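So, here's a batch of structures to check.
In what follows, chain A forms one complex with chain B and a second complex with chain C.
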Partner chain A sequence: MLSADIEYYRPETIQEAVDLFQILKGENKRPIYYSGGTEILTLGRLELAAAGAFIDIKAIKECLSFGFNQSYLIAGAALSLTSIEEKNLFPLLSATSMGIADHTARNKITLGGNLCGKIFYREAVLPFLLCDSWVVAAGGNGVKPIPIGQIFNQTFQLEEGQFIVQLLTERNYIHLPFVSIKRRQQWETGYPLITVASIKADNGLRFAFSGLCPFPFRSKEMEAELNNIGLPVPERVKRALAQIPGPVLHDVEGSSEYRLFVLENTLNEIILELEGE
Partner chain B sequence: MYIIGKGITRKDSLEKVTGHAKYTADFETNDMLHARLVISPFGHALIKQLDLTEAQNIPGVRAIVTGDDLPLTGEEMRDRPPIAVNRVRFNGEVVAIVVADNPYLAMRGVEAIKVQYEQLPVVNSPSEALKPDAPLLHPHLDQYEKIQGVYPEPGTNIATRTKIRKGDRNKGWTESEVQVEEKFAFRISDHAAMETRCSLAQIHPNGMIEITSSSQAPFMIKKLIGQYFGIKPGSIKANTPFVGGAYGGKASIQLEILAYLATRAVGGRLVKIMNTREEDMLTSPVHIGLEAQVKLGCTKDGMLKVAEILYLWDGGAYSDKSIDLSRAGAVDCTGPYRIDHIWCDSLCMYTNHPYAAPFRGFSHSEVHFAFERTMDVLAKKLKIDPLELRYKNAILPGHTTPTQFRLNSSTVGNLPKCIEKLKELMNWQEGQVVKHGRDKVRAKGVACAWKTSTIDPDASSGVILTFNPDGSINLISGVIEIGTATKTILAQILAEKLKMDINDIYVQMDVDTVNTPEHWKTVASRGTLMAGRAVLAAADDVISQLKNLASFILRAPIGDLEVGYGKVYLKGEPNKQIPIKDIAYGYKFPNGNSIGGQIMGRGHYMMPGITNLDKETGAGKPGPEWTVGAQGVEIELDTKEYRYKILKAVTVVDIGKVINEKTATGQVKGAMSMGLSFAARETFYFDSHGTILNPQLRTYRPIRFGEHPKYEVAFVETPHIEAPYGLRGAGEHGLIGMPAALGNSLSAALSAEINYLPLIPELLWKIKGGG
Partner chain C sequence: MAQSLPQKITVPLEVNGEARQVEIRPADTLLYVLRSHLGLTGAKPGCLNGDCGACSVMVNDTVYKSCIMLAVEVAGSKVTTIEGLKDAPIQEAFIKNFAFQCGYCTPGFIMNCQALLKNHPHPTYEVIKEWLASNICRCTCYEEIEAAVMSVMKGERP
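Now for the complex of A and B:
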């Protein structure tokens, strides 16, 4: 339940959505783009998120597309996570997605919503970081694809009024060998202690992480150490741990020391599995 | 047996599985008002300023209630202002209630209230509370009103101390050749019932106060609100529809008081107050925490001689039910063993934590975690099989309990038999720890359990039976259907007694304190004993009335008549009979003359011989009987990463007599699940301000379907003579040994003593030297 008076809009085209944002902003209504709503509503009731107007992007057809064109897999931002899993066009994305929340919540949580969430795990970004995907963003300056490496740094660096329409991933990444491991405080439910996703590309293994730092990331520095095949695997992992690009989380899910312990084990396990193939 | 023992489908099942069942929060009217709470974000603080101005100016905000001029409340000792005055003592404590036209406006009012706090030093654990220089939570502890049997220690944070002094501990230590001592701790946690608490209140023009609440104790609502506010009990009516999980948490009277204050502030208009999940976890009472020290002594061959125990309960900021909880923990302060010398101090401590409600098992799973873990440590030291050690010392008829009550074959179940059966079901001879691949071991852990129900000596239960014109019966009892199927069990007991079709028994599910006879509280696994006996008494009453009338119509002496199968008949000549439907509303002669009249049965039951405990020794009879059980858990542990799965959980419990095989099994399995969830993952995390960091199901995560092990349940039947058909309580016992059994399995797997909860992999890693 939200106590504020909130206006709700459901535009059918990208242009309409972008225009609405500008109009509502002009009227000082603090608009935000709305997709699944799971986070806006749950944080809103705790007064952790405030907005005067929602612009729901779920009626925009580009946001719902999911399929291949000649070169790319197109994944719309308003797809629910369960619909992504059911179609399973991108097995790594399905695998990572299935660790998020629970099935009932994933019926509502959308790809774009998870990518742009305030809750900092944003695990759905990991596959796209690994695959150097393109992000199609729409805003005042039109609709344009941007390499994820340029627009994502801890969070998506969107301009005000801009929203993610789709993600484009090159076909040849889709069926690369991969591993996605989520370790939790206990058993099979809950936020990650750490989530590690990895693919085996031509030039080596790639790694992306969530739950390790207060943001998800892919680290080229860590990858360089982890791919240093001149060294034994445990040594490579130890060196990679020295390259973590931020403070390691220390919270109710687990201490930073324990996270590093779990990370070390997990990285060893992943390398053995993927290099063994 | 006619129907006893059979797995009859629950009377409430169709309504529930179709979503038609109505719970308190489902009641809505157009003109009702809604209340929301301002709660403290800190564990301990002075309220320097409370500015209501902005909130009062919001159109649609009808009233704001603050703590001024309210009586103190509390079930055994009145130490709790219903709304904080000047000072908050826990994160979640109510600072103000906003009543408004709708929930949105009430919430807006809450957001508009400005509170300035000045934080105070926080007491964050019971052992901190015990330190001589600890901040005092209740400087006026000596002035609180209290009932008999409460022993606060003014000038300290001790709300009450229960002493158990059995035998002579010095003698016990002299006789002991082997001793062990272990320490344990776990924080408070939650009940996490699916239904968050909700209360509705209104004051009718004639002064009648009507409260509808998701409660296990509507008769206590009536009694306590009457006492707190000086209202005649007849002027309070409490209703309880279905309750969506309670687990003890809804036995405390808390939200009802706020609902009453809210309606009083708006001229008696109907007000609804429903907890958010966060309020349900913080503001309403929680599951108690514990720190414990257990010292055990025994002979070389493992015969227990002495137990010396200190329990420090984390009762939270107010004592409400935690006084009783700390007492119950003392009553069964050991596991179910013969121990001649017991010295136990059980202290209910004030801390800056949310205060405690009962939790399924009423202190027993908590105490058993400490005691049954220590038993395993002792077994290891003695190099005796842990089940063998338990078998050797098992409590038997003729032995005495820690409160010096001498047991007989009715008042205690058969523990050795439970242990024997557990051994089989656990495949115990296979060995406790078995390697399973490179980094995996499978390990088994066991625990024994017992429990009596410490309930008020004068607690009673009543039942009324009325007839329908077709001879079917309405069964009216004050037991709340909290999901335990007790009302179905009552119908089975009645069907057995009257040899009638259970489908001809209609059970009233809702309870209304005006037209339903009192059942003390739906707690302590005592619904089947107390209300069951009341059903039998009411059935006897009906039978005698039916026979009286039939004797005259059938022209036979009362002694020759029998009631059953829908008729009254002659024992020797069963075809000489009259259908009950022809006399239940009186008998009509062919010419129209009628005699008799509608038959109503009434019955009640009060447990005989329950006593208060002696202040200095704890001696007394605290409950009617001791249900015993033996439980086990098998896990598979990754010894490299400390992650584990629970493969199997087993309970063998002496249930006296199985009344409904399906619901009994369901109760035990559900209790096991809850015990494992509590043991393996549920806890509140606090920061240094006493603020709870995980008051949401996002971060407080009970066990989920799919994470559960294979559950196995077996029953032993040693009748409790005074109970209907010999039954014993069964609602809680599946939970009691689970935390200890899980702890014992992990301790065995890791060859380390794991004495803290929750048993998460990080804890195991730390104990094994990580970090």
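Now for the complex of A and C:
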């Protein structure tokens, strides 16, 4: 339970949600958009996050879309992770999101909530980074699709009052060969050490990472080294490790040395699997 | 239609088949409302952090951890707690298989198993394992709980 009082709103249209944000902000009510809410409630209970008004986006139909149009798979931000797994329209996204939290929690955790969370894992972003997806964001300047490469840099760079409505992924990416590996130090549940997702595209392998640095990422520099087929695989992996774009995490889940050891083996394994096809 | 809600609001809830009107703060979790407003103490407060599953209940046949859900979110929905099961086969299977010791986690486990069997009448072992990983039993009755689910699946009579 949250000790502080909040106001709760459940708009049914995108415009209504955007307008509400502006009105509540004007009244100094510290509004935030709310989807699954699992992180907002757990951090709020510990008074590590404060908001005065929740704008729940789960009644907005665009946020619940999940299906194909002519060119894209449309995935709404308010879809629960289990609904994504059960429909399995995007196997890489299903495989990656199945490792998040636990099954009951994933009934509540939503795609948009995971993407915009404060937790540094945010594994659900990995498939969209690999597939150069588009992010449909709504805010004071309207509803617009933005390439994920432009709006995601460690976190989503949303303007104040903007929220993610949907993610669009080109159909031709959906059934590419992929690998998604989540490694834990022990057991099969709990927070991971690292998660690595990879797809085999026309121009080589693509890789995205979570749990390695304090943010999820895809690195073109690492990919260039990993796709340098003139070198033996272990050498390609060693060179890629030198291009990691941030500090390697060193925490209760594992030391930075152990993470690098696991990453090296995982990358070797993925390359052998995907290049062997 | 969006509406501004005051500090205390009255929301309609259908709990265990009964229509209720409950006056709550929008900040109240479903767990708190069930226990403190409705006297339904079967769902247990454990971690209060969405980790242990002791507070699991069903909302429209989907299982949720009620400590990480606002009561206002489920206005108009059908909520089922352990008190609403009334001698369901999974409850009898827990007794037959000695699937508990201290019993604190049991209501949460049973609600999760009930939802599992409702949504997957014949789950694979992998599905059972994945679902049960949502709940924690400090007395470590996991094998007996698996056996209880399997016995209901096979239609064994207690």
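Some notes on this structure:
Please note the rule applied: the second predicted complex is superposed on the first by the 277 of 277 C-alpha atoms of A that agree within 3 Å, B and C clash if a C-alpha of one lies under 4 Å from a C-alpha of the other, contacts with A are read in each partner's own complex, and residues count from 1 in each chain.
Note that a contact is a pair of C-beta atoms (placed from the backbone, for glycine too) under 8 Å apart; a residue touches a chain by one contact, two chains touch by 3 or more.
Here the structure is a predicted model, which is why all the values come from computation and not from measurement.
When the two complexes are overlaid on their common chain A, residue A:9 makes contact with chain C while staying clear of chain B.
Contacts of A:45 after superposition on the shared chain: both chain B and chain C are touched. Looking at the shared chain after the overlay, A:20 reaches chain C, while chain B stays out of its contact range.
Once the two complexes are overlaid on the shared chain, A:188 sits against chain B and chain C alike.
When the shared chain is aligned, no partner comes close enough to touch A:203: not chain B, not chain C.
Looking at the shared chain after the overlay, A:28 reaches neither chain B nor chain C. Within the superposed three-chain model, A:261 lies in touch with chain B and out of touch with chain C [touch as defined at top].
Once chain A of one complex is fitted onto chain A of the other, the partner contacts of A:107 are limited to chain C, with no touch recorded for chain B.
Once the two complexes are laid over each other on the shared chain, residue contacts for A:70 go to neither chain B nor chain C. Counting contacts as defined above, chain A residues 1-4, 45, 102, 188-189 meet chain B in one complex and chain C in the other.
Interface residues of chain C facing chain A in the complex, by the touch rule stated above, are 1-5, 7, 25-29, 31-32, 48-50, 53, 56, 62-65, 67-70, 72-73, 112, 130-131, 133-135. Across the interface of their complex, chain B is touched by residues 1-4, 45-47, 102, 183, 185-191, 251-255, 257-258, 261-262, 265 of chain A.
Chain B meets chain A in the complex at residues 103-105, 107-108, 111, 276, 278, 640-641, 643, 645, 680-681, 685, 693-694, 698-699, 701, 703-704, 706-707, 758, 760-762, 765-766, 770-771. Remark: chain A residues 1-12, 16-17, 20, 37-38, 41-42, 45, 54, 56, 58, 101-105, 107-108, 188-189 touch chain C in the complex.
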